[in-house]
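First subunit A sits with subunit B, and in the next complex the same chain sits with subunit C.
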Partner chain A sequence: MRTCDIVVIGGGPAGLAAAIAAREAGISEILVLERDRCLGGILNQCIHNGFGLHTFREELTGPEYAERFIRRAEELEIPCLLETMVMDITPGKVVTAMNREDGVFQIQAGAVILAMGCRERPRGALNIPGYRPAGIYSAGTAQRLVNIEGYMPGREVVILGSGDIGLIMARRMTLEGARVHAVAELMPYSGGLKRNIVQCLDDYGIPLKLSHTVVQIHGKERLTGVTLAKVGADRKPVPGTEEFIPCDTLLLSVGLIPENELSGEIGVEMNRITNGPSVNESLETSAEGVFACGNVLHVHDLVDYVSQEAALAGKNAARYVMGDWKEGLRIQLEGKGGVRYTVPSAVCPENMEDKLTVRFRVGDVYRDRQLCVYLDGERISRAKKRVMGPGEMESVILKKSDLLARPGLQKITVAVEEAE
Partner chain B sequence: MEKKELICIGCPLGCSVTVELEGSEILAVTGNTCRRGEDYARKECTNPTRIVTSTVPVDGGEIPQVSVKTASDIPKNKIFACMAELKKIRVKAPVRIGDVVLANAAGSGVDVIATKDVLGR
Partner chain C sequence: MYDVLVIGGGVTGCSIARELSRYRLKTAVAEREEDVCSGTSKANSGIVHAGFDAEPGSQKARMNVRGNRMMPQLARELDFAFRQNGSLVLCFDRKQLGQLQALKEKGEANGVEGLKLLNGEEARALEPKLSGAVEGALYAPTGGIVCPFGLTIAMAENAAVNGVEFLFETEVLEIRRIDAGYLVRTNTGEIEARAVVNAAGVYADALNNMVSERKYHITARRGQYCLLDKKAGTAADRTIFQMPTAMGKGVLVTPTVHGNLMLGPTAEDIPDKEDISTTSEGLETLQSKAALSVPDLPRNMTITSFAGLRAHEDGDDFILGEAEDAPGFFNALGIESPGLTSAPAIGEYLAGMVAEKLGAEKKEDFAGQRKGILNPQELTVEERNTLIRSNPAYGSIVCRCEMVTEGEIVDAIRRPVGARSLDGVKRRTRAGMGRCQAGFCTPRTIEILQRELGEPDLAVRKNRAGSELLTGKDKEELKEAGR
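What follows is the complex of A and B.
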């Protein structure tokens, strides 16, 4: 069987950044497996600007951001197999994949980096009553049709869900001549970035209807309209508030799900909140030598953070392969009081770098709070936060020296508290 | 006197900012909680600009379309004129990142450039 030091599953922003970091750390045998016909993943269809402000200090479009990583991977001569689908990964890190040229083949990997990204929640997950007419798309599918294939999915549009892809598509469809009648959001706040609400909706006079949802889909062959209704605090429709909007297209931007079928095959431990694997400080899953990064680990809002996280996974996979690896005590890392999850969820101080970025999301909109970090019962840091919401990922930094100074430490807690 | 309500995009706080205008002269900016809010509100009320991104069909390319953007931001009121001009355009492969696909978009003085390499078939 063919062997390879590090096999990276997925050639999107996470996979590319991980492979580049692993190569820069001195690994010669790396292979990236990508199922699409080109590298770059979802960035290829994200033609709007706003990428790379943190990484490159300039505002790039998705394809430009991807291109910088693709060029770097080419300079480093990292082999990538395109149009190649990974079918299975065993706990012993045997990767089974297939493509048209090689058929089915197996590789024994020294380490595996999972970077498969995420997919959109489909209509079937929502239980909206009505037939299944043509004209209902996930926002990302519509984005692919318009930006890559050059087709307009429809002319009269309603969007359900105010995630960033939905907001971006509201503007894109408008610029291409469609009329976007409304963006309906079940929650009393938007799941998208503020900047997108202003520049994609307000700029074009598109109403954002918070605490609203679609309660009926009309039409049998082609969508003819949707009924919107207001929802109460229990998120159930309020009778009497129904409003019919004629339209031929409904776009759904109702959440993203990490694509973890392969992780399931390996049998890695999963986190119920993120729907991604549970990982330690090295972004290693519960399967030894299997690492995870990017949207397959937890859904990000900014690609810059994906690149940072993936580079860490690549570097650590390289350390693992080279045997520069310590087995130590695992300290549990938990979120409390509004912190829904943390990535990572366990820390071995011996294996961490001087500083570790812990990323997480909060479960509600909080104003004038403080973010605190506790080592067992002792608070070691607090930072004032004027506003936090579920739509924007937060982070705190842990210092290796703080953890090493406390032998016997059992638990690290990140908490949202009332400001002092 | 005219009043304009804006949401500041400077940070996640999203302050509701009120601008009082007399014609094109700004009399007062209120509701912002930092300097960035005032700067944003003044720019939005006097000279709002945006980067426009879109796609253009490619003849003979390995993929059907190339993504494009205005090389810098253009006045907000020229967005639709810029889109109308882009609608009339087709380009021939190969196209390289940074190639000008439309010069002086909608008289803004700003070129529209490719944001992706598209090779020939």
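What follows is the complex of A and C.
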């Protein structure tokens, strides 16, 4: 069987950044397996700008951002197989993949980096009642049709869910000649970035209907309209608030789910909140030598953070392969009081770099609070936050020196608290 | 002029057509949709019932038991997914255990083999996730599950290979007696046939009533379903029915042949025979009722919900045979549950009657075997690689959830009675039937359909006319509007 030091599953932003970092750390045998026709992943259909402000201090489009990583991977001569689907990974890190030229083949990997990204939640997951006509698409599917295939999936559009893809597609559909009548959001706040609400809805006069949902789908062949209704605090429709909106297209932007079917086969421990693997400070899953990064780990808002996170995974996978790895204490890391989860969820100080970025989301909209970090009972940092919401990922920095200074440390906690 | 026109390309019509194709008869199937298996046959429980429900002596009982016995052999001949997983009817009330016994006796009177009464413990030993409230169960080892699309499409393909013509998007508007038989007026023109078989599902009453004074009345009885992710597929191995309780008629929990879990159906009489919409009340009801059988159902794993209409005839039995006052007009009417199970038996029974009426002889060259769409997942790695070398399309995954390759999709389109729409591809290959519900594969499948059908780009449809998936090209409308 063919062997390879590091096999990267996925050639999107996460996979590319991880592969590049692993190569830069000195690994010669790396293979990136990508299921699509080209590298870059979902960025290829994100033709709007706003990518790379953190990484390159420039405003790039998705394909331009991807291009920089693709070029770097080419410079480093990192081999990538395109249109290659990974079918299976064993706990022993045997990767089975398939493509048109090579058929089904197996590779014994020294380390595996999971970078498969995420998928969209479908209509069925919401149990929206009504007919099942043509014209109901997840926002990302519509984005691919419009931005890559060049086809319009509809003319008169309603969007359910105010996740970023939904917001971006409201603008895109408008620019391409469709009319977007409303974006309905079940929650009393948007799940997307503030800047997208301003630039994609407000600038085009598209109403954002918070605390609204679709309660009926009309039309037998093609969608003819949807009924929207207000929802109460229990998120159930309020009778009497129904409003019919004629439309031929409903786009769903109702959540992203990390694509962890392969991770499940290896048997890695999963986090119930993120639907991604639980990882330690090195972004290693519960399966030794199997790392995860990007949207397969937890869904990000900004690709810049994906790149940073993936680079860390790549670097650590390289350390693992080269044997530069320490077995040490595992300190539990968890969120409290509004912090829904943390990535990572465990830390071994011996293996961490001087600083570790802990990323997480909060469960509600919070104004004028502070983010605190506790080492066991002791608060070591607090940072005031004017506003935090589930739509924007937050982070705190842990210092290695702080952890090493406290032998016997058992638990690190990140919490939202009333501002002092 | 046809010898026989079968009206309706559902499981019943396709079964009759396939059985008719054994004879020297010029046969056609008229179907109003763009594909077979587009009405009641596409939206049901997919259960091969053992046969203890129907009243002894009824057509339902006879056809059910016969159909159940035919199914394993038919699945081998026609290569569709079928599994004899056994079924349980649960009883939650000690006082109702007598009814369970009565059900067993009814089944035995119908000729169902192997029925066994279990106490709660024994039932839970078979199905560990069953509710602790289960007091007893009737176990039927001959119960099974089948892919309703697989069964219907297999019979249609085999009928086509043996000479049956399929006339799609052909809706019957009127039927008149003529000297030679019947003149059937459709939206696409007139069709003459010596004999007509009415397998028109919820509309079979209307067709019968055009030619016969013995009037029938069919009520569309809607059943809503939830389909759960394959990860939930292990919640039950057997099909779990419920005894009717004070809370009403129960719902079933069953694995599907492809490893999903299905809950359903509701039972609602619907005035509109086109109303296959789901309702929030319906979906909630069936989820809570299903939880009586299996309390720990992972409801959040629902990937889709849908509804179908049962063709319920007032007399509560299948109406099978020649209309008394309309010679050469044969009914397969009121085909509700256990219609799917009964289809092979109904096909055999009615085709025999029609052939006798027309004095048709059996063909010597009938080809009864059919090979389904190749599923590369069932091959060894070596076999799979040989296949990919000979046809690289089998190395290209289009639907990542169900791991369906381009090769399978192309096969589905090119074979007899092939797919012509996104739903047609889905029912034949499962592309788009997985947990992302066609989010990723829709653009690729559209592309393959465009290429294979050679129709204009924008003509690709979800299913029937009017369900076009794309409305134009980017910026087209801006140019038209001069914006």
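One rule holds for everything that comes next: the second predicted complex is superposed on the first by the 420 of 420 C-alpha atoms of A that agree within 3 Å, B and C clash if a C-alpha of one lies under 4 Å from a C-alpha of the other, contacts with A are read in each partner's own complex, and residues count from 1 in each chain.
Keep this in mind: a residue touches a chain if its C-beta (ideal position, glycine included) is under 8 Å from a C-beta of that chain, and two chains touch if they have at least 3 such contacts.
Just so it is clear, the model here is predicted, and its values are computed rather than measured.
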item	value
First (subunit B), second (subunit C), both or neither touched by A:134	second
Partner chain in contact with A:67 - subunit B first, subunit C second, else both or neither	first
Contacts of A:357 with subunit B and subunit C, given as first, second, both or neither	neither
First, second, both or neither for A:150, with subunit B first and subunit C second	both
Which of subunit B and subunit C A:370 touches, first, second, both or neither	neither
First, second, both or neither for A:222, with subunit B first and subunit C second	second
Contact residues common to both interfaces of subunit A (with subunit B and with subunit C)	146, 148-150, 176
In the complex, subunit C residues that touch subunit A	226-227, 274, 276-280, 282-283, 300, 302-306, 381, 384-385, 388-389, 392-393, 395-397, 400-401, 403, 435-440, 442-443, 446-447, 457-458, 461-478, 481, 483
Subunit B - residues contacting subunit A, complex	6-7, 9, 12-14, 50-55, 57, 63-65, 67-69, 76, 79-80, 83, 97, 115-117
Of all residues in subunit A, those that touch subunit C in their complex	35, 83, 85, 87, 98-104, 119-120, 122-125, 127, 129-135, 137-138, 140-141, 144-146, 148-155, 176-178, 215-217, 220-222, 248-249, 261
Residues of subunit A defined as touching subunit B within the complex	44, 47-49, 59-64, 67, 146-150, 175-176, 193-195, 197-199, 202-203, 386-389, 392
